Each structure stands twice: as structure tokens, then as C-alpha cells.
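Two complexes, one shared chain (subunit A), two partners (subunit B, subunit C).
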Partner chain A sequence: MTNIVVLAKLVPDLVEELEIAESGTALDMEWLRLIINEFDNHATEQAIILKERSGGEVTVIAPEAEGANEMLYTIAAKGADRLIMLKGDFEDGINNHALARAFAGAAKELKPDLVLTGVQANDDLDGSVGPLVAEYLGMSYVGYISGVSVSGETVVARKEYPGGLIAEMEVTLPAVLGIQAGEEPPRYVAISKVRQMMKTATIDEQEVGDLDASGGAMVQRMYVPEAAERAEMLEGDEEEVAARLVEIFKEAGLV
Partner chain B sequence: MNQDIFVVVEHLRGQVADISYIMLAAARDLAQATGGEVVAVLLGHNAQALASNLAANHVLYGDHSSLAEFTSDAYTQALAGLLSKEAPRAAFFGSTSIGSDVAGVLSARLGLPLVSSCVQIADGNLISQICGGKIMAESALSDEVTTLVTVIPGGYKPAQGQAQTSPAVTTFEVSIAAPRVSLKQYIEPEVADVDISAENVLIAVGRGIQTEDNLELAEELAELLGGVVCASRPVVDQGWLPTARMVGKSGKSVKPKLYLALGISGAPEHVEGMADAEMIIAINMDPDAPIFDIATYGAEIDLFDLIDPLLEALEGA
Partner chain C sequence: MAANTISHFSPFTQEFYQSLFDVADGENIKTCLQCANCSGVCPLGYVMDFPPGRMISWLRAGIFDEVVESDSVWMCVSCYACVEVCPKNIPLTPGLMTRAKEEMLLAGNIPTELQSALEFSQRYGNPLGESPRKRAEWANGLEPEVPIMRKLKRPVDVLWFVGDYPSYHPRVQQTTRAFFKLLNALGIDFGILGPEESSDGDSQRLAGERGLFEVLAEKNGKAFSKYEFGEIITTDPHAYNALKNEYPALGIKYPVRHYTEFLVEHLDGIKALLKGNGEMRVTYHDPCYLGRANSVYDAPRELLEAIPGIELVEMEHNRTTSLCCGGGGGGMWLDGFQWEKSGARLSDWRVKEAADTQADVLAVACPYEPPRFEDAAKTVAGADKLIVKDIIELLADAL
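Up next, the complex of A and B:
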């Protein structure tokens, strides 16, 4: 029976327009729409697959944010047993070193065999949380994982290299794995099941106190990139764009 | 602390990875600003020959039987000792399956700052690309301790980090205690029905394609244009296409005559596999999608509105 902890966070939805805060050194959090980090979503799926396969308990830890409640209830509806929300001074965003220390503090109490988290998040600027948490917990870390099997004191993790090459790594437990993809795509749960969880499941709230953010990047400035050269944009309705595309294909000798 | 820039060379199965040369080129830029030298750090077992074309002032080579293949634990142990002793101004790692396993652990273990996803050096500062390429962040080096940096491709070409003459190599002592991570075996990529890196025309679909059934539309386009369908990672992770059709960091690098990207945002991990295509045409509803920054032509339009008229126009052509 494996005691699994999943670390999850919300990240900016990149489909929305992103703005820089007045400080000029951070994202403007006020208008951001947040969604679960997709790799944390894969980590969640992997944890639940492991539990279904060989038993155990899955605890999810997430920092407070707009939408963190829904995220946790959704994960509970998928099969997680325990939900923990870290509360602190997160409104203006925190770096991953601070978050990793908070995660490690909460995870330590749970004495996990295995900690799973997303290999990366789109707003990482000081590395991803996985390796930092591993070191703060005194565990090994292996990332870029797309498949995990536990056997006794060790876990065999499928580590991805470019071009589809896989390295099977044997890791002594306890360990932290950075998940790139679960063995199966993240499952969907019906909204009704999530609503039911909102009534029955409890979120254990834990204050993290003052966070130590040392080890983060010393950001001088954040900005929206301006490309030196941008695409030539094809204007007009779909018929006009289609006609223009066919011309371009012809000029290039493709049709 | 000295002003040198260390580059942790990545290699896999006897081959130096392109990211190593890219890092050496970036390190050269940074060393010019700090006034230090570029030092390549090579770890391995009987692997000294890999140093032969590294564009570095010199190479530090650490040999140990536990370093014959990459494992995170052995690498971090070897590097923790070296970095503490040498205290360079900065140390570069690939933002890769190798570098990302060790940079964060070293940051926490040694109490050193870490800056990730650095794509460029500007005036001695690190320029990182985050939020799928939609935001840039400029960070300074620490004046007191070694700054650890993970590097992504895009700012430098591998050739800029390759040298004609072999750099001087000195070896350093490595001690590794009971590693907790070991390599069991490599599993080769599945054999593919098509090699997308050999195709002239690629119709690439991203998350914007929405469902597996909609892939049919891309297939029809591919047929009319004499190409094949490839995809971004999320489409492959859904199981809609095999891994062999994935373009990008974890997939293949492609250089077709035409790369038609349907509903792909242009995240750095995708772009690194297709930026060198001769012609990139991007169809995306988001005017700020980073794919438009690297495309030859773009259209800000719903792909589902476009495909039918495009199929018709092609059939009539």
C-alpha cells in the first residue's frame, strides 16, 4: 500500500491575454484566469491509477488561489482521499522556492512513500517545484516521467528523452517524481460528482506562515515579447483566407 | 566566487546533445559581460572524447563508473562538490530531461538561486521565456553566489557553440555515495508508420482541434496537399496520434517545406521542433498566440470555419 502525495497548483490560462503588474516585475494577478497546471493534472491521474492498481491513499496539496477549492473537489471526485489547502500570503504570487518549502512542510507530516507533481508549470521562473521539494524532504527526484510502477521499496519510472526514447529508472522510495504525462489521459468527472464532493469532502486548511522565498530569480523586468518579424497576416473572411492560402501553396509549388 | 560561466554538458548514448552547444554559445555571451571564462563540465565514464569540439576555454572532466549513464542522483552528487569548490559566477544546465533533474536539487541543496527557461543573454542579464512564450522575464545574476540557470533553445544555434580545435581538458575528482536512482534499461521509440522528419508537407494539429474525430479534417487537408498529419504534445497525450507524430522538445524536429499549424499556440517546447521549417502558416483565433511570431503567414480565424472552404478551394485548384 502506497501513501501518495500529489502537489498541484493553478497557473495562468494562456488563452487569455496576460498583463504585467504595475511593479513591472510580475504578472498582474488581478485579471488572470487560473486553471490547473496541466502536468499536475497528469500527476493526479497517475496517482489515482497507482491507487486503483495496488491500493493506497492519495492526498492532494494545493496552495490557496481563485479556483483552488473547485480543483481540489474535482480531484476528490476522481478518487483522491484527502485534500489539503495551504493558506498564506499568496495574492501577489509566490516563487517556487517559497511554494516548495510550504509543500515540503505539509508533505513531511504525511510521511509519503511517493510524491507526484507536474514536471513543469507555465509560470515557473525559478525551476519547477518537484526537485526543490525533493531536496527539502531529503528524497530523490526524477522528472520527465510518463509511467510509474511501484514494487516494494522501489519504483520504476519511465523517463522521457527526446524523440520518444524512454529510460527506465529505478528509484528507491521515498521519492519525488516530476510527471510529464500519466499512463492514461486525465479522466473527466461529471459536474454532479464534483458538486457531491463539495458537500461531503472536507478541505483541510493549513496556514503556512511567513515563507522563505530565497533561491528565486532576481527579476528586473517582465514584458510581453515583441517579435522582430511577425507573420504576414491574411485578412478577410474564411473564403478569402482559403483563396489566398491556395495561391500561396501554388507559388510554393505545392499544388 | 570567480567570474567564470560553467556549462554542464549533456550527452546521451555517446552523443553530445545540441543543447550543450547552445549553452556554450550563451555562456560565451555571459562570460563577455562578467569578464570570466567559459568552462565546460563533462561528466561520464570513459567519455573524455566528447570534449573534442566544445567551444569552451577549458573542460573539467569528471569520470566515475556511476556516471556512465545519466541518473539524477549521481550527477547531483558529482556537481554539488564541484560547484561548492569552484564557485563560478553562473552554471548552465539544459532545461531538459537531464538538466532539469539536477538544477533544482542543487539550488535547494547548496542554497543557490535558480533561473529557469533562459533563452538569451542581454547585457549580462538572463532573459527567460515563460507562460508558453507569451511573457519574457529579465533576471540579474547574484553578486554573492553562483547563479544556476536552465537554458532553452531559440536564442543561439548549436554551431555557435562548436569549436574546430579541441579545448584543454583537466580532470577532477568525483565521489559518489550509494546512488538511490539507477538506469534499468533504455526502451527504443516505437517503430513509426511514417517519418514526419522526412516529409515535405506537414499538417500540424494542436489542442484547438478539440476532438479525435476532428483529426479527419486534417487528414483530408494532408491528402490534398500530399503531406501527413503531425501534432503538438497535448494531442498525443490524449492518445489521438502516436508519439512518432509529435513535434517538439520531447518529439521530433522537422524542417518541411510547409508546416501548416492548426490550433497550435506556439509554446517554446513545440517551436523548438519546427522553427526551421521553410514556410510556417499558422491558423489561430488568438491574436497574441506566439506562433504568429515565428510564422511566415498567419490568419486569426476559427480553424473550423476555414477548413471546409480551404478543402473546396484545394479541390478546385
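Up next, the complex of A and C:
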């Protein structure tokens, strides 16, 4: 039996315009809508597929945030067995070094055979969570995975490389895998099932204590990309535009 | 009447069969004659492993489990064509077909493209995946300012339930703005909910997501209860159907009319305003949820006939036999799936019929239709000059 742990977090939902907080170093969280990190959603799907195929138990660990309860109940409705929510001083954001230490602390207790998490997230400012967790747990890490099969003490992971290459890598357990895509797209679960889970499932809340954020990058300034010089629009008929283009190329030393 | 418990049924079949009696007239299913009118009239019945009539025979054989292993019920566009022709008045669309989709959904057997519309509806309150805060952005820059109930802080005669596609779809927003113009021209005292409005949820319900429908209905019910208004009107037959026939059972009871019913009452006032917009030959498409599901056939035609210069001609299928545009019951979000199975688009068939009437304009009264029919007109031979307009737009153009 494989003991699988999934690490999942909520990230800013890009359906809304992002705004910078007054501090100028972070997003304004007040109007922000949060959504499960897409890659974590795939990691969850992969974990449930593995459980359905080869047995085992799936535990999901997520840091507290608005909507984290709902996210955990939804994952339970899809087939996860145990839900853990990390509680701590997360309100002003948490860097990935601190988050990875918190994840690793909670995961260690569970003695996982396999840890799955999204390979990246849209708010990863200081490295992705997976390799950091692997470091703190003393496990191997392989990222950009799009399919996993378990056989005994090892897993075979399909790792994606640029240029359309795929490698099948044998990884000795325990290990951490950074999931690029699950074997199947994340499944749909009827709202009635999620509502049922809200009544029957329990979320184990764990205090993480003081967070150690060392090693992470400090944000000095966060800002919307500023438009550089505007493009020059060439007016006139074909002849005029072509003449002007030649002129510009000459000025730039291209012809 | 036959007994409700039948010994040779599998437990699943038994439970499913029993649940069909909860729908109005549900017990009529016991009297099915197996005449197969339903399967014959179904626009996509010919590609279904289990068209409605065969579903009933499998039910009676006690082996309904096999039906939900097939994905053919996702071809159903909830168009009520089967209900219309059933001699025993069996509620096939709201009962059998919708219940079957609910079971498919619970079992996780749903096409991926439908999934995102349902997730968006749950998350953002609209199936298009747009920000709920931008629900009233169609009104930006309009004069006078579109009255939003939260800001208006007074009772209104009419609460305009705008709906999903009228709020967000760029093509349908044109219809929405035309309706705004029309309401102002008629001097109607109205307001909208703006960002407090959620999807009516009817198409999600008919695509098998009953729980999601209830969540959305509760949100709308809560928003309605904050304000005072005489009645609700909407340009969306799907919202109209939900508010009229489904919300009351959830304790959300308000008088509601489709815009065609509402405007027909103001016909004299409208006629006084209409100058006409040239001679044109117009054919009218009865939307399933205005026509067959709610029997509104005359009001849209009276409005069209009131416009100077319009000659109204009928397509071969009209009123109760109208052909579905393919958007109902989740069809709006299953285009790819249904195309792969059938190689046909229902909107193409409809546009072909419209073109056969030699009409200049295909008039519609449902927000699903302008984008669907305009797309079809681009590819159907002989339909390239066909203009698709909502009745609202034809009225506004003639002011």
C-alpha cells in the first residue's frame, strides 16, 4: 500500500484584475479571489488515479486561506482520504521557503511513500515548492511529470522535456514529484457530493508555529510592467510606408 | 397502473425508476406505449445508443445500469420535442432525460467541455468563466446610466433579470443594449441586479447538475429578497423557465414574464414609436424554452408584425415543431462532443430552413441563438446573406 501525500495551495485567480497593495511589494489581497493552483489540481488527480489503480491512501495538506476548506472538501469528494489544513500567520503571504518547511513538517509525520505537488504556481516568487520540500524531507525530487505508475519500492515517472521529448524515469521511494499534468484532466465532482463531504469529512487543523522564511528572495518592488516607448505607426499608402520602412532600416544600420 | 416495485429490477434501476415519479406527471411513464414517437422526433435520436423510447424499454427490463454506461444521453439538448409528441404525456425531458444526466454526472461520466462550464458556474456564477464583478460591464458608457438596484435604493416596477449570455457574450450584449434602449423609449421604470445577479442555472440543471442549480437559485433568491419590484422580466427563455417553473419549488416565488409577453402588453405604445427600417422578409425561430416548454408562440409574432415593412414568413418547422438550435440542456457547452458523435450541428439545420424561406432576416428571441445561427450562416450553403437578429434588435432598429 502506498501512502501518498498531496501538497496543494490556493493562488490568485486571474479572472480578476490584479492590484498591488499599498506596501508596493505584494498583491492587494482584499479583492483577490483565490483558486486551487492548477498544477496542484493535477497532482491531486494523479494521486487519486494512483489510489484507484494500485490502492493506498491519499492525504492532502493545504495552508489556510479563504476557500481552503471548500478546496479540501472538493478533493475529498473526488476520493482523498485525509485532509490537513496548516494554520499559521499566512495573512500577509508566505514565501515558498517558509511554506515548504511547513509542508515538510506536516508531511514527515505521515511517513509518506510518495509526495505529489504542482511543479509550479503563478505566485512562486522564490522557487517552486516541490524541490524545497524534497530537500527538507531528504527525498529525491523529479519535476515536470505527466504520468506516474507505482511498482513496489519504485515509481516510473514520465518526465517532460522541452522539444516534445519524454523520459520514463525510475525513482526509488520515498520521493517528491512535481506534477506538470495528471494522466487525466482533473475530474468533475457534483456539488451534491461536495456538500455531503462538508457534513461528513473532517479537516485536521495543525498549527505550524513560527515560520522560517530564510533563504527566500525579498520582494523590493512589485509593479505592473511599464509600457516602454510606443510603437510608431506608419501612415500613408503602400509606397509611402515602404519608403519610410527603408529609411528606418537604414537608420538602424540594417540595410 | 402498474406497481411501483418490480421484483426483477436491479437495485439501481428500481431506485432510478422510483425517482422519476417525483417529476410532475412522472407516473405517466408507466403508460408508455413504446410507440417511439419520442425517439423519432428527437433531433439527435438517430445517433443515440438509447433514445428516450429505448431507455424506457431498458428500464422496464430492469437493466437500466447499461444505459448509464453509454454516454449517449449527452446528445440530448432538452428541447422538449419528445414531450411534445408523446401521446401519453410523459415528461421525458424534465424527467427521464434529466434524471439520467444526473446519474451520469454523479458517476463522473461527463464530457470534459461540459465540466468547465459547470465549474465556472459554481465559481463565478456564470458558465462563461467571466468575473462576476464584470456582470454589468455591458452597460458601461450607456446614456442614461443603467439603474442598478443596489445603488437605486428604491422600489421599481420591473426587475430586469439580464442573464449570462446577455451580460457577457459580445454578440448578445448588442441585444442587451438594444433592450435597454427600448425600455427607456417606453418609459419603463426598471432596475437590474448587476454583480448581485447569478446564472439562473436552468441549463446546468438540465445538464444534470441539480445541486449547482439549487446553489445558484438560492443566490438569486437572496438577491431578489433584498429589493422591491412589481415583477421580473428577462430576455432569456432559459432564465424565464427557471424563474417561472423551477424556482417556486425552492420557495423563490415572483411573477415573471419573457420580454415578448411584456412588450406585447405595451404594443400600442411601441407601435406609436416605430418608424420602420425598410422592407424585409423575416422568419421567426421559436426557442424551445419559450415555445414548447412554455407555450409562448403568439407574442413574438405580434411584435414582429407590428414593425412597419416586415413581412413574416414561416419555416417548415414552426411553433410546436420548431427545430432546436442545439444550445439547450448543456448543448451550449457540448458542441465539440456532439459534433464528434453526429457530424451535424442543429443550428445548421435551422439556418438551412430559414434560408429556404428566402427570408432576409432570421428573427430570434433567445440569447443562445444569435451566436449559434450567425456561425451556422457562415457555413450553410445559400445562407451567407441571412441576417440573424433578436426581435429586440429589429424593434430598436425601427425606432
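The rule we apply is simple: the second predicted complex is superposed on the first by the 227 of 255 C-alpha atoms of A that agree within 3 Å, B and C clash if a C-alpha of one lies under 4 Å from a C-alpha of the other, contacts with A are read in each partner's own complex, and residues count from 1 in each chain.
Basically, contacts are C-beta pairs under 8 Å (C-beta built on N, C-alpha and C of every residue); 3 or more make two chains touch, one makes a residue touch a chain.
Note that the coordinates shown come from a computational prediction; the quantities given were computed from them, not determined experimentally.
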**Message:** Applying the document's definition of touch, where does A:15 land relative to subunit B and subunit C: first, second, both, or neither?
**Reply:** both
Next item on the list: Check the residue A:118 against both partner chains and state whether it touches subunit B (first), subunit C (second), both, or neither.
Entry: neither
Thinking of the overlay built on chain A, is A:233 touched by subunit B (first), by subunit C (second), by both, or by neither? first
Using the superposition on chain A described above, determine whether A:215 touches subunit B (first), subunit C (second), both, or neither.
-> first
The chain contacting more residues of subunit A, comparing subunit B with subunit C, is B
For A:189, select first, second, both or neither according to whether it touches subunit B, subunit C, the two together, or no partner.
second
Would you sort A:172 into first (subunit B), second (subunit C), both or neither based on which partner it touches?
first
(Q) Under the stated touch criterion, which partner chain does A:35 make contact with: subunit B (first), subunit C (second), both, or neither? (A) second
Report task. Using the touch definition from the top, say if A:141 reaches subunit B (first), subunit C (second), both or neither. Result -> first
Both partners, subunit B and subunit C, contact subunit A at residues 15, 185
So, in the complex, the side of subunit A touching subunit C is made of residues 15-16, 35, 185, 187-195
Contacts from subunit B onto subunit A in the complex sit at residues 12, 17, 69-73, 96-97, 100-105, 107-109, 111-117, 125-126, 128-142, 150, 180-190, 200-201, 224-226, 234, 237-239, 243-244, 246, 249-252, 257-258, 265, 267, 279-282, 286, 288, 290, 292-302, 305-306, 309-310, 312-314, 317
Within the complex, subunit B is touched by subunit A residues 12, 14-15, 17-18, 20, 27, 38, 42, 97, 100, 119-120, 122-128, 130-132, 134-136, 140-144, 156, 158-172, 175, 178, 180-181, 184-185, 214-225, 227, 229-234, 238-239, 241-243, 245-246, 248-250, 252, 254-255
Contacts from subunit C onto subunit A in the complex sit at residues 105-106, 108, 110, 112, 114-115, 118-119, 122-124, 129-131, 133, 209-212, 215
